[in-house]
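For clarity, chains are labelled A, B, C and D in written order, and residue numbers in each chain start from 1.
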Amino acid sequence: MKFEVAAKLKYEVLASSTLILNVEALMGGSQFVLEESFEADRELKMYNWNAVAGEKRFKVIELPPNGEVNFSYRAVVENTCRVIPAKQLDETLIPLMPVSVLPYLNPSRYCQSDKLYKFAADNFGNISKPYEQVLAVRDWIYNHVEYRAGHSNANTSAADTLKEKMGVCRDFAHLGIALCRALTIPARYFTGYAYKLEPQDFHACFEVYLGGCWIIVDATKLVPVNGLVKIATGMDASDSALASIFGNLKFLAMEVNTKALDEKFEDVEVVNSRGYSYQ
Amino acid sequence: MKFEVAAKLKYEVLASSTLILNVEALMGGSQFVLEESFEADRELKMYNWNAVAGEKRFKVIELPPNGEVNFSYRAVVENTCRVIPAKQLDETLIPLMPVSVLPYLNPSRYCQSDKLYKFAADNFGNISKPYEQVLAVRDWIYNHVEYRAGHSNANTSAADTLKEKMGVCRDFAHLGIALCRALTIPARYFTGYAYKLEPQDFHACFEVYLGGCWIIVDATKLVPVNGLVKIATGMDASDSALASIFGNLKFLAMEVNTKALDEKFEDVEVVNSRGYSYQ
Amino acid sequence: MKFEVAAKLKYEVLASSTLILNVEALMGGSQFVLEESFEADRELKMYNWNAVAGEKRFKVIELPPNGEVNFSYRAVVENTCRVIPAKQLDETLIPLMPVSVLPYLNPSRYCQSDKLYKFAADNFGNISKPYEQVLAVRDWIYNHVEYRAGHSNANTSAADTLKEKMGVCRDFAHLGIALCRALTIPARYFTGYAYKLEPQDFHACFEVYLGGCWIIVDATKLVPVNGLVKIATGMDASDSALASIFGNLKFLAMEVNTKALDEKFEDVEVVNSRGYSYQ
Amino acid sequence: MKFEVAAKLKYEVLASSTLILNVEALMGGSQFVLEESFEADRELKMYNWNAVAGEKRFKVIELPPNGEVNFSYRAVVENTCRVIPAKQLDETLIPLMPVSVLPYLNPSRYCQSDKLYKFAADNFGNISKPYEQVLAVRDWIYNHVEYRAGHSNANTSAADTLKEKMGVCRDFAHLGIALCRALTIPARYFTGYAYKLEPQDFHACFEVYLGGCWIIVDATKLVPVNGLVKIATGMDASDSALASIFGNLKFLAMEVNTKALDEKFEDVEVVNSRGYSYQ
């Protein structure tokens, strides 16, 4: 599928600051960036960085203090959301995992899997197949957590969401990750653009490592999983933030847009007999 | 496309040896390994390794000295050979390249680009667009180098092939890489399974980095580029050998097979207005 | 300095399990492993792994279920704790940091820097030099947190310790890391063997990135910083655990020992005009 | 030991070019950079890069075409050349090597170990211990190759030097590396500053991986091995060049200087019972 994604961000620079923006579509894996532009409305020192393992790329931007600054990103991306029969989504034994997958079994800032062992075992421990556990986790979150903007904030973690049972896509993802890791299923955060998301915004969901692939899971069920464009993956929002501010910078406004460029986009049906992967 | 690939290898172990086999289909990028098995006909210590940057995975196998050993690999792989309009295949300025791409501008064991600057400049220097340079390199090799088995050997390099004008897929690839690097186009070795290759064998070709993607190029023109299954990429055959032997091991026999599992495989037309990429 | 380090660990295997042990002295940096042995009291499948960026190495061990298992590690290590004048310990501007340092500004499971901004700013924000901030953080923890075994557990985080003001070396380290990150100073967890620690045990402290080096800081002030032998560094105890258990395994006993092999070991004086680094 | 190193480089820019300079002292391992400055005599776009595995760092510099440009680098570095008893310098079995060491067994552009198997086996194959093989390789080169400036050039490889028996430090290093790899001993190129080198210049030698360490070997015997300051390590000069030019740039002049800042520098004695390592 081919998508056009765009983001506009406006900040007010109150003092000399460094801004790290992580809004560019990831290059690599099953995702191709066919066209791309990134613009600021004034001359700035900007550095292009790639994360060590290629799981994100970002711009480090120096902002001298003088008023408003506007950033505008636009890309044409082609990707493939691959269908994988559920029967292939077996667990990988730990000694056979790539060393790069192992960290995704650890607890992290917003996904305190170490605190949720009992809850995970009590609720999902009796399900024998790991992919069925994942689907049960997803459905439990969907059924028990209310999607509501404004309730959670940048400090909210999976443990909080499990108690408060309200949150946004980021919180749904964090809880899903924490529960999967508590079940010894590697899970990571996925942030991207999402076609058909209403209202348009960035989106977050998660991926689990089964059958040697990263399988996409969205506990919000807000969008078709084949309409996502990947920006980054990581442990959780702590290392995959869209913007990180060092200094005194005020976020003013944002505008996000994702369009399908192919005429015949069809939502994939999310059924339990299949997994979907952007790898 | 979905492919079934298989390889059988037979060795005679004359003394305690270590064998590194690099025949498994690469996981990642736009390639998914759906099923896989690797078997030896006796109990052996085998270690699964992934190269640091994920560009190959391989088995390190300890072989105590007692006679013949047979290995058998089989996998079902799904991949996508993406079409990219030639007009998007611009060069990436060096300061904007990912640090992982830069080494592919350096000369290497079998691709002595530093010796071919003059030849490359004289023959392709007047072509203005880098992708057109690549296509001219490919066609020059195809037209001037004779495909002949048995002429070259494990020591043969691009400089040799340019002189001797005979070789096999590996030599065609090495010469293509060396010439592209001499033109400041990052180029790397690609080794894999190839559907429709006659007789069936492993295959080698190369990739160039243009437009932010690795574009596949096969100067042998022996197979459709959309029928390849990637095993590894690297600087050249020096770091991407299918088998590396440390000790006293005699290679006896090999059997390779690549089948398309989709009924409607159609060869892509290799035209100059398009590039193809497995990324 | 030359040290001999040793660890014995005893587990009871109640069901088929995987154990990841991270007790081996790190090779690399300013630390040399001169001799080493790792033994189990029965034949086991053990895999040697190196973390992707070399910041830890560990053994992945498969444990079939039959009773007790004993592990014994011993190494002779030579390292250098380098003295660096405090005046060189300036901050590195974010755009000039190596990409591998940047993650150590993020919050993590046990170091929720994002929750401590206000506390950090109120207490250390008026100190102008970053290394002086680090020393003030260290001294604040030393003066306000009581070292007491048995109070904290594997779930305890920096935010907990700041409230409860009791803990062990791990908690002191987590709080130090969280406060430094809240002050935009990269900080990471350090786990190792410690000469002169009474009673003998593994030890944890932290490192801050200043002047292009990782400077060691120990808020417990229990041991001389030049008597440490590094096992691993990481975000916090979530990715640097000495042992990670997957399955049903019961920890029974442990014995740790660190000896100086040079006769003239002298404790370094920890004064504010100097930093110490194992890099 | 503490050293002050300095380099001045002058180029004439004939057309818009990119220059990659790799002259900065490496940070990390047993080497600390205490002070550092890098200056150009005009405003230029310069990017600081770190190689993926940290084995070099370099500046990518954009040069618009207008006349001469001067670069000036200066650093104060502290490092330790560690002494390791030869009896500890055993080989590491391939399955136990870190994955990052394995590539240093492969042939490379200037170190065609695959062409030198017979020569290596005939001359050094009957020596049983690997470190003694290394010392024999070093002494063979020292005794049979004449150090002469101006004979070899940027295309000269180990195979050439073995035939022509003349060269400079770079050629001595390449031949040493090629022979060690042919003996299944991992070996890599080392480039740096060298105290007491007459006349002052950059220097090249090599390292072998034995006993879990990289041991420094200098077949030129021109300088004490404890007076080296590391710039980079790599496969050979193909990936560790001090300067890489893309475009039309004319090298005009260079000035290199290495001073010891400690008064009591003493040359280490290079005896066969010991190895020296910067790790």
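Note that a residue touches a chain if its C-beta (ideal position, glycine included) is under 8 Å from a C-beta of that chain, and two chains touch if they have at least 3 such contacts.
Computed from a predicted model, the values in this text were never measured in an experiment.
Novice: So which one's got more C-beta contacts, A-C or A-B?
Specialist: Greater number of contacting C-beta pairs: A-C.
Novice: Between chain A and chain B, what is the separation of their C-alpha centroids in Å?
Specialist: Here the centre of chain B sits 33 Å away from the centre of chain A.
Novice: When you check chain A against every other chain, which residues touch at least two of them?
Specialist: Residue numbers touching two or more other chains: 47, 50, 52, 99-100.
Novice: Check the chains against each other and report every pair that touches.
Specialist: So the chains that touch one another pair up as A-B, A-C, B-D, C-D.
Novice: Spell out the residues on chain D that touch chain C in their complex, using ranges where they run on.
Specialist: Chain D residues touching chain C: 27-30, 32-36, 48, 50, 54, 57, 78, 80, 82, 84, 88, 96, 98-100, 211-213, 277, 279.
Novice: Chain D touches which residues of chain B in the complex?
Specialist: Those in contact with chain D are residues 18, 20, 45, 47, 49-53, 60, 62, 93-95, 99-100, 102-103, 105-109, 112, 114-115, 154-155, 184, 238-239, 244, 246.
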